[in-house]
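Note that the chains are named A, B, C, D and E in the order they appear, and that numbering of residues resets to 1 at the start of each chain.
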């Protein structure tokens, strides 16, 4: 019997099903839509099976082609990677269930193939242990996303897709330049191996590859000012795709930055700079979100703001800060993923993305609205939801070694949280207490779509009310990354 | 026994959920569950009468223990919360009608707010406190916006200001956490005792902003008039009577639980033998009293009038708490209790009127005294208490505050407090006159008094105003015992007031009451004997010889204090709200036209952003990694 | 104009910084560490004479799987964008009709192009070239066909079946490695054979053939989609 | 060989500039194809025959063909700027 | 060294086209130039002076005399990725033209703010 606790399966299973969809698309017709569900159910099983091993050893490393890592590509799942890949699989699973009822446009088999590929690419980005492989995963993700953003083929979708494509490929090129710089400096591509060999490099020599990789990943990670594609692309995509893009893509890209920064580029001088990026991202995201009339665009801007928040926490470069960042990442993935799914169902019923048309939905789509409220509360950081714990942690961490700048940043963060509260409460009050002008027949979303929402919402509620396992786990994960245990563990487990 | 604290905290939340689920079965299930669980909470609260329990650990977060505790002061507020909630649940059953408004989650939210407030009061550490504080904010937001379209805007203002206040507290809490790594009250106090003056002042100011927003102390009060008046009738007393007291409770905990007068005196200069921080708080409170009184006088809307009156009365509470002397603090705490009782009573009584007439506009009402006699009597008791007239409860607590100010020789504050009290006469007279006296508009001729379910809570509160008015010792029992824990000198008291000889004037309410009753009876008898006036029917009047038809009934309840308004116009023009609005609008314009326009929609701009970022990096590299 | 100058200066700065960075790693200098290992052990470990192939397909085979997925994603994306809601009938574009010589010539050349492409990807492990190169050559054969006979339609279902099969071959060959004692994805489980013969290097030629088919079908599909008339969805937003 | 590479690189840069500046889009696209072709020659020069083949067949031929199809479906010339 | 310079210039020219040019096709050309430049850069990094192609096609070739095979493998991947990206981009451009009737990037901004 094959040991299924192998991270490589997280990538290979969806790829297998992608090609299976291509193969069977012509004769299964719309039956292919069940294939992604199977794929991500399997993925979920695999990622859950990884838990015991990761908890025991701190990391699981899978090699390819039967060679030892610096000579072949390896997949390395550490604690946070595991958590994120569980979330990716979960979100992929629920979103593909959602797709069963949501996608009725042709060409279905292409959509489902690309969707599977997108989630596979994101998981891949999270778990890969090889820097060029990271680039490939980045491209898989991007190109699948370009196609999916344009899926509706209307004016907005095409424009958004094109903008995303241009920015994404510039970013890809920069990422590649950064990678090749590291290769030129060390002659190897394995992350751990590079980390071992960069110690003789000067700060200046490390800064350039870092800047390049940062630019490349920052474009997917939605860092200001590299994120201009995001508010166009997320609304244009079908909601299940927006959910993945918003929920996992930024998180995966930021996680990649975090991992590379703490293994390859262990320098401290850069964090101040990153913090400014984070704060700008936060400010521009939240302020822009406040003025939106289009609900998906508002959520997209809110994603930018959230990214800024957890990137800020990461740039504190302390165990507590990183822990806060990880908690916020988990919170953001679950709640924003859920919000997009909910909103997708609502848009389907209302036929508009304008917030004013959502008036009175709170009475007509009770379950959806309830979960929308929960997601919004968690994003705002209101207790007792998980966002509260993560915001608490981030602020505590930020004030730990407080200087004037950090205090100012905390004030900015909290101000932006107020702005966030302002627009989410505006949305909620329109939904629950607004009067619908037009008399549209609005029903609750179909059970299948609700199923996805309820699953995500339940997970969110569980970790909200019983947060300590997650908090402790994240603390360990953060400590491992900050203490450079990633390298030690990888060396111990044959990652090199 | 200790586990009961957690059970008690959980009771309202469980009740809320059950009420929601039970409501799906039948609405009476919902009512039954809500009443049962709020009553259970009240009973559980009564168990802790005068008990002191320290540190029931119920969890831990980020290395700080999460603790529940109770002491007599907490119990005082616990009593306010649970008793008022129970009465309000009962009132709601009569008032909130299923067919007018969807109620499936109303009782859940009501109980959640109660639970959150119980959590605040029982919290033994700042994380628990802050968590329940935030829960209270958003659950009460949902209650406020039950009132329909206008209340949505009010609720929005409320929640935004609450969030701002809460985040201000958040910074202070985070500062304390970083310093002490534990947020249990005792540890916080110990930390503050060894901190620099700047740190202490910042902590107190930041926490204070949070509390002042909730307690609606003057510059931060702007949410209250809208929210309290637009909220549904049963919710207003919860907000006015109970919720804003949480701010006072928090202020008390911070000033005397974390700091102490001595400590504050050591690290900052004193004015009138008061640490300057407390002195500033006193002034803010006094300003609230005076300005809110003036504003209340000018209102045309019954609930808005009461809302402004709440700002004014909470001013007394804060003023009392900020005096720093045993008597003053005790007066402040007692006034918190009294205010909860009489303001709850007033709001419920006005709610009853609204229930029958459907309006709360004072100039539309009048002459209801014959139609709603019980409500009238209760409201009369309420306004007497509010105005601080013996023998009802408002008198005693106000007397204590005056006495405390006198002892500290803070004459200006004393005068301001007196003005507030005098002004209160004006607006409460306006209230009762415009609603119950004068002409009865024709459309209200068929009005009846409200059903027993609504009478019951009103009368319970009415009786309480008398009980606490005549037996202030009942409350003093708790307050003095609790204040001893916070290091105050105990004040001597008896069941009926304060004995002579403890550096303050004696007060024996029973005597005053007796005198008053005798005087009242004497006056009434004199009136009966000596009166030369002709008794006329309420509906039989005329003006300048012209018979007034029912359609043209002369009603002078509009612009009641118009001439007075002209006098104080300059004060009313102050317009704190306008200043806020100006800044909010300016920020909005800035955000709209300068910030979000970076997303121009033009791809070449976006691409140049990328290039600029890379260029900055390149410059940094060329400069050898030194960009800053 | 100002824009041009400013950004030219910016770009000059970037180039300068790049130059400064790469000055430390001069052209022509041996920077290999892992590469050396491949050169020294590649032949013995993989059995392929072309070390590039052994790197692409064996050592870094997982990259190639990703690359194939990227190509697949692009093809699917183009198919989505050019998908016709109305049915399968596609309007012929008003291309000028190619002249006789072109038409006949392309018809004669087409089989040779296919043959050449196949040769290249079959010998990928021995000589320069491989699945990508061969596949794209075949696709350009199709392109030639489209150009000379504008009305030509390929069997899209057939193409996507080929796509799927080729991809599945790759993945399944990889997955077999997980059932072997070595427990490694893409493990080269077939005998290595004799160097420089067609049947050598284990699974590498099979994978390269699969890739060849995949690349050919995908590029052909892309070109096929591109050649058709586009009808936009009405309205937009 | 050094001379050849100098010539080729100068040619490549010239073609790249041409491809950016030419108003006729077909011509510009052909210039890009030529850049790719020159690059594939350069690859051959520095001992990368595999990549040279890939660049010639994919970069020069297929990509250019796709471009040309794209240009034919849109506008033949750049309006201004 | 000239290879490096060539690739840098190619990247810079590509970026220039992407930023300055208003025509969609020109922007795509810019992207293509960047990608080609990066590919050239990668291959030139792998070059070893006097090395031969890393193919043991005939006896007598020594491993020590070969160029680095890894960059070639990477470039192979990168070329295919670029080509697929370009194909998708052209598809987008065709559709954009159908919708907007123009190739001017400045006029294609229905999504903003």
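Everything below uses one rule, namely that a contact is a pair of C-beta atoms (placed from the backbone, for glycine too) under 8 Å apart; a residue touches a chain by one contact, two chains touch by 3 or more.
Keep in mind the model is a prediction, meaning the values are calculated, not measured.
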Overlap of the chain B and chain C neighbour lists contains A, E
Tell me the fewest steps from chain B to chain D, where a step is a jump to a chain it touches.
2
By CA centroids, point me to the most central chain in this structure.
A
Interface ranked first by C-beta contact pairs:
A-C
Centre-of-Cα separation between chain D and chain A, whole angstrom:
37
From the mean C-alpha coordinate of chain A to that of chain B, what's the distance rounded to whole Å?
44
Roughly how many whole angstrom separate the Cα centroids of chain A and chain C?
29
Please work out the Cα centroid separation of chain B and chain E, and write it as a whole number of Å.
68
Multi-chain contacts only, two chains or more: what residues does chain A have there?
132, 136, 139, 143, 146-147, 150, 153, 155-156, 158, 162-163, 166, 170, 177, 183-184, 187, 189, 208, 231-232, 288, 291
Which residue numbers or ranges of chain D touch two or more of the other chains?
48-51, 54, 58, 62, 66, 69-70, 73
Per-residue multi-chain contacts in chain C, two or more chains
7, 11, 14, 17-18, 21-22, 25, 31-32, 34-35, 38, 50, 52, 60, 63, 66-67, 70, 73-74, 77-78, 81, 128, 132, 136, 219, 222, 226, 230, 232, 236-237
For this structure, enumerate the chain pairs that meet the touch criterion.
A-B, A-C, A-E, B-C, B-E, C-D, C-E, D-E
If we count contacts the way the header does, which residues on chain C are in touch with chain E in the complex?
3-4, 7-8, 11-12, 14-15, 18-19, 22, 25-32, 34-36, 38-40, 42-43, 49-52, 54-56, 60, 63-64, 66-67, 70-71, 73-75, 77-78, 81-82, 126-128, 132, 136, 195-196, 215, 219, 222, 225-226, 230, 232, 236-237
What residues on chain B touch chain A, complex-wise?
59-62, 102, 127, 130-132, 134-135, 137-138, 141, 145, 148-149, 152, 155-156, 159-160, 163-164, 167, 170-171, 174-175, 177-178, 591-592, 595-596, 598-599, 601, 603, 605-607, 609-610, 612-614, 617-618, 620-621, 624-625, 627-628
Residue numbers of chain C touching chain A in their complex, please.
17-18, 21-22, 24-25, 31-35, 37-38, 45, 58-63, 65-67, 69-70, 72-74, 76-81, 83, 85, 157, 160-161, 163-168, 170-172, 174-175, 177-179, 182-188, 232-233, 235-237
For a test of understanding, state which residues of chain E touch chain A in their complex under the given definition.
11, 15, 18, 24, 27, 31, 34-35, 38, 41-42, 45, 68, 70-71, 74, 77-78, 81-82, 84-85, 88-89, 92-93, 95-96, 99-100, 108-111, 113
Once bound in the complex, which stretches of chain D touch chain E?
2, 5-6, 9, 12-13, 16-17, 19-20, 25, 28-29, 32, 35-36, 39, 42-43, 46-51, 54-55, 58-59, 62-63, 66-67, 69-71, 73-75, 78-79, 81
